[in-house]
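The structure follows.
A, B, C and D are the chain letters, set down in written order, and residue numbers restart from 1 in every chain.
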């Protein structure tokens, strides 16, 4: 059983909560209120800008050329997705440039992305990439789980297709392999810290969707 | 009007909400439930460990010897306070080493500290120190506001005295001077980003106390 | 006159020393001893691995999506060039995998790449990208200067073509634009620090070639 | 045999070259030309400003409170030594504020300090603190070796006393303990990288003195 298989199993309760979350159930059914999706894509756009930075920080610390290549490519793709894909969704769902520019990251979004970059600044490369992984792997699981049961037609089919695409699964597998490789060279304490980081990032995944579902704002 | 005076005025509504928060009102009256204070000091201990890191990151980037000295000293003092003062509070309020070790940072605590270190990793020194300032200045304002009206005797008097101490006010003034100096050399965009960072960190101050008051845990 | 034009003019004496350096004169004439070129490409391979990290660190701090895109792409390309192009040169010039693996960065190479990453760790984004620029711009100037006067056939023509390629010139122009944009938003002190960083990196360019020409090793 | 004992033994040839270097032989004899010492203290002052940053970066990443305390204190002391002690030496040896301000770090100084901060930006905490150690340990060895055989009176006795002081030996021992602790939790690859970093920093120690002895400047 690989290290990734272990930490994936550890977060099984969290993953079940994510798959059962009404945001995703309604998205699959095509009944999610557009307001909730709008909240989500605006926050996701803010998320991707910061996720790109976290990936770039991982690229800067990767011990192998394979790691530098994967994470610098990931950083680039995150910007491209932020720009291209989101512009498409923004248009389809009526998010104006003005609305996007006036938005600020919610506590869930800011907490999640800050957590990733803070790991880069104060913890090890191993913990950083363990925390980077859920955004790939959880989305891939969600995409694969939703796609076969999604209502057709579905206003959110383009979103679903993105994360159920084989190329996204392959990117997930490559990042997983880098995490496994890092774990295999690490001491016990680092492996435990990696598992913690993976779990905390997975929690933030749930919170991100929950926050969108409730169109959360700052409490003050 | 100095830059710090401006950003201090900008957050006046937040500061009023902090001063009026039941956590601080009850702390001043000596009626705050010990459970809430226990939650607070355990989280504060976790906070200080990370705040020390953020201060160290500021020391690493400070353009002047005065800045390097202030922030490396701050990083050191944060560890010392984490260790010495907290051990005292832990004993007085019945927090065992076991309880402390089993605690994990709440979303408010993790979000706040991650935000600071993330600024160090992905933004400018100027924004970082603007976000570092509220933890000094807001505590100094709180200490000064509570001390004269605190009930006597008060189980929390040692805590109140710490943040109303002239030496703490002097440290606050020195950090403020470093922020003013940084702002005076910065372009408009950086000054705007500094004001945003200061406001977000001040929000987190409110959330930290609010989280302690409600003995918050993770939603999942 | 743009900021980049100014700092480019400031280093004119250094650029003339580079263009007149026997390493490049002999490379253009096709008379450079293969041992010197071997030294150069092995060091360049070590350089690119670290330059990729510095570019990734710039991507992590870039304030705009354009900057994040350019520098994360640059980080990726640096790894690809390190791997693909160099493997080709290694084969042509008889550098075995063993020789490459046993090589260590010379003082010139280690000093240059460390300088770039140290700026990322302790100085501003603006200074970092100013120091990143010479590796683009100086190589582009060298490629353009050598190409028309290179002997034909020339054992080094593939190398010359790489840096005289229009696509390389376009990448240089995009990085230059990012430096100009950063300078236009910066205060006087930051602009002066940018000019210094640009000059120091240009010096390191000269030292890198000079070090290869003399097949330098550590003095101890 | 502790990890530190091993890496200390690995660099024995380098240490012998340092102890035998004419800079130190002449300093012990009191015959070192003041011009060489002036060069040294100006560069050392530039070095300490950057060494303080590297120590602060180590404090930001230290996994234990003991590590955060030691390195933030070290960062603070480096600034204090830069300021106080050096002002004294500057006055005694006729370095004016103007001379100091006009000085720029030599390749040896810039290479060494950049190497340390670059490790902080692109490698692990373990490698960073292994590279931080020689500046403590080598100076302590040098201080202890020179003190008993130093000519009396000696214009450089204050310098010698600083590094032969028991308190400096104690600081060295504490940093060594942190390196040993880090090594004991690390995998084989990290321990090898730590040994490399320790060796490279020790080399830079030799180069720093050699550079001062020859009053080196940039080659261009």
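In the analysis below, a residue touches a chain if its C-beta (ideal position, glycine included) is under 8 Å from a C-beta of that chain, and two chains touch if they have at least 3 such contacts.
Everything quoted here is computed from the prediction, not taken from an experiment.
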Both-way neighbours, i.e. chains that touch subunit C and touch subunit B: A, D
Self-contact between copies subunit A and subunit D, residue sets same or different by half: same
Identity of the chain that, by mean CA position, is farthest from subunit B: C
Subunit A and subunit C, separation of their C-alpha mean positions in angstrom: 35
Euclidean distance of C-alpha centroids - subunit A vs subunit D, Å: 44
Cα-centroid distance, subunit A relative to subunit B, in whole angstrom: 30
Subunit D residues counted as touching two or more neighbouring chains: 53, 57, 60-61, 117, 120-122
Touch list for subunit C against partner subunit D, complex: 14, 17, 50, 53, 57, 107, 110-111, 113-118, 120-122, 200, 203, 206-207, 210, 218-220
Complex interface listing, subunit A residues touching subunit C: 49, 52-57, 59-61, 65, 68-69, 71-73, 75-76, 79-80, 82-83, 117, 120
Subunit C partner contacts - residues on subunit B that touch it in the complex: 60-61, 63, 121-125, 185-190
